[in-house]
């Protein structure tokens, strides 16, 4: 078991003929992901890494039966590409592209909900169920199958955390980055809920950062709805207020969204919070032993 | 029993201080309708026929517990008034005002559905459950309580039909006009479905007219889903194609929407169709006797 | 409200839809001057609010000054389905490589703005729909979000396999949609949309029907109304808030409510008569509406008898009776009148009508049977 | 992106939001000339991209030419929270009757554009939110349909019982919303919105933060950027697609990924050091990004040691190593460098680093502990 993707997930790649799209298509195939088609308007009929390219998601879906799409198209076309995927009935859309205007997200979010689909991202590294399916740009080799769910607002920091877990023999059920934007298609609660219900997952690592109140809401959710142990990490303790720390969503504004508040919320929900990534495997092991 | 409104329905009047609004408020009160409040922005604190006036639907609803609103506001304000009612959580909105642009209806219709509310109209005479509740501008005195449901795209023609029924001793469960616009908040099928489920209703009279395919769809619905008898009347047999017969929706265009097609559809669904209104009571009695 | 081709094109061009160079003229001299300015060939196109102009000889191509003059002369003043041509659109000739149909309407079934496109350009779309429906692609648009690029591409791809050309058609389609919504149209249609030999995408013909219900928020659209084609009675009716449609029969009828008015027409026919008009005086009562209705019926001239059919709800019967009294102002009616008045203030109305010696009935069937007999001279 | 008050007001006024008559100037002479043109009193307002200008003495009222000159002279060149005042906004004085707060942001919790209004105008809204939250009204807007009239009225009615005035404030609010969405703002704030003694509704102060993610579709917004306040390093970083924030510490760090970069800063602090910056070179690998990062670190000047922390995923470690090699071009680094490189092409990177005599580590904790020790001179 796992969450959101597994060995049966059939993936199409929107923007497959682009630089990032073609590179990661090959990477996903190499990992064993079922990549069943690609989409680039006007390039229909060609192939990338042996995968057929279509002019539209509708065509790709009807030809391949895809249920998941990963989107690498340039920022100017990405919003339209997401609507296209949802209109075509794709259930899971993973958006790697960075830079969607927040006002577009205020429209996309309720629209996707109303259609019963799920979006992971935007501005995210993707999702991986080790040994089964990798969708996005995460480096496959650091992941090992196992009982730990990992969810993060970050990219490389997630790899750091996963690397630490794998090194200490803690394999992962599913790892995903939900993206660093102020509004994300999937948030911590969605993932925690799925991990709680997933038979393979025995504990969850939640990697948060400054900005917003997603971690506080996650803490509330954990307190009320989870019996599986959760271990936290919050970065940005040393970040100055009012400055955007790279991610559009990582900003302390109006005195809100500080690391202290988030750590306090998690701690009060019974979630041990690591000071540094290398403490995480130990905290997970302790939690599992209890 | 009845459909959509009954003696427990609590009604507010949007546009209560206007000419039509104040006149029909008194008429509704006289009929025995529970009119619990009125709304005219800027006139909050005043009274019309002893009914308190509020500045907003939200205020009127929270003060009165209204679940129904009837809208008489001028065309320039009517779309906003409808959204206001739905946002405030009003379950049934009856829109008397005529002239909403069709493109606005393409937005209002899915919005209201998504909120789980119902709109009757626009451009309609309203709805009456004889002896219990009258919402709109229908003349109350021609109605008598009884087992016949009446649904119509028209106003005065409905009165004509009801008048004929009452004269022949056929009282009504509920009578409503769904309005003469191309897109209506409630269509024939919605009403037929409700009448089918209503214990009081024993037979239904459906009064259609040229334009669109609502009657054809109703015929399809009757064939599949109804065991109560339905009697039909379709007007506009003599209407020339391409001309709007008063109602925005009453137009034969591209050879579609003729009376012949509608009559044929109803007949094939086992619905006897009257040539003229005065035949209706006889057809209803025959149907009830079978 | 229907508007002329040249007016539709003016709207389209303001939203970036490409149209041929052209100018509306009302005289032969102007037509020739514009043709000379544009160079030949030019199209000389009658501007009337009715379909089938081409078949009627109302659209001609002129290859030189002589032909331009001849065509302008023959088309101006021409009668097309009862309408007199008073305006011409002179348009630069276009080298046509391909012709398509592109239209957008509000679809009553899906309740959404809906595109229809077909590679069968230049022919009647209803004909294509009947004979080869698979050659039409329909696509509904979410009115909140508008048309997406992928949808415009999907429509364009149905018309051509050439991706570059599809891109230009997709842009055209997006502009067409913007025009459609911005002016509250009920229909915006390009037939044919042509691709020129040098690859341009152009609206060769153009049609917009404006939603009458949208006119109140487009004050500027009132000036698009061609009052000469509407006729004075229709203008009177519109200004007074009446719905009026002249018909061929000889029994005029004045009714309150569109459904009841249609029903009255049907009933006249059912009892062996022929209605002379559809005339709905609407819901709210006002003697002025009745006098206007009387004026319209008189102006139309083809009636042998007049039926009032009023079911008083909001409309008060006495208001109608007062209107009738006012309309005759003491003089005897010039044509026989049958009056059916029932409902609100029925008794008062009867008194008023009695004062001018017009009897009233309360039953619709009786009234219609009587007016049919009267019109036949019975 | 933050923009100046005078720029925000230019945007607002183009959407019908009323502002006082005003002009931006950069010299005392201009300031006086404009003040003379407007007549007195005028407000002399420093234009810097930081809050608290008033408290810092950056906003003054001039009652005559003398005062206008004095204030312009004292404010121009003034230092406000580290920023030098280079521009003034000279504004006509306004007779204030009432002051309100009106703002709209994208709320992360409701995921919708959300208004906040308060009758507590002119004071910090965060302060009001903390002390008297009931004096703030919040209302979320559906981004597809935009703000409805009834919502604008609801907000305005929270501010005043005067229905006429509420109507004008409601119009103001609708215009504010249009400005907000049209320019892809993340915040549009009027504090205070004032009602003048003759009943006008005016934006006395104005603030717009533009969503950085929206800039790509507003080419014209780039000219609003105040490069003088940004500094050359920030401009370099932006152009190269790096995220850079200078800090007070002495350990510079260059990291791939924002989360890992924040984590690195935290780790430096955790092990007893102080970070000199946040610097995220982003995902895709390019030696040019590394050389730019080096240039920025050098320009900042307060670093005693430099840490590279790279977790190679898409970023290839050898690209980073090549960038470091290029940046030094054979010369010895002017400050001690600690390198942590792990992941994609780690081995190749180690070889390159060895060729320029910089040892590499693979463990983040070790690397940070080492750089902290090095920076302390250990």
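Letters A, B, C and D mark the chains in the order given here, with residues in each chain numbered from 1 onward.
By definition in this document, a contact is a pair of C-beta atoms (placed from the backbone, for glycine too) under 8 Å apart; a residue touches a chain by one contact, two chains touch by 3 or more.
Being a predicted model, the structure only gives us computed values, none of them experimental.
The centroid of the Cα atoms in subunit B and the matching centroid in subunit C are 28 Å apart. Averaged Cα coordinates give subunit A a centre that lies 55 Å from the centre of subunit C. Residue positions of subunit D touching 2 or more other chains: 144-145. Looking at subunit A, residues 107 sit in touch with two or more other chains.
If touching chains are joined by edges, the resulting network of the protein chains shown has some other shape, matching none of path, cycle, star or complete graph.
Applying the touch definition to all chain combinations yields A-C, A-D, B-C, B-D, C-D. Residues 145, 148-151, 153-154, 157, 163, 167 of subunit D touch subunit B in their complex.
The residues of subunit B lying in touch with subunit C in their complex are 20, 75-76, 99-103, 105-107, 109-110, 125, 137-139, 142, 152-160, 163, 180-183, 207, 209-210, 212-214, 217, 233, 235-240, 243-250, 254-255, 275-278. Residues 144-145 of subunit C are the ones that touch subunit D when the two sit in their complex.
Residues of subunit C touching subunit B in their complex: 106, 108-109, 111-113, 126, 129, 143-144, 181, 184, 186, 211-214, 216-217, 243, 245, 247, 255-263, 265-270, 275, 278, 280, 283-284, 311-315, 342-344, 364-365. Within the complex, the subunit A residues that touch subunit C are 41-42, 55-58, 77, 80-81, 83-84, 87, 107, 111.
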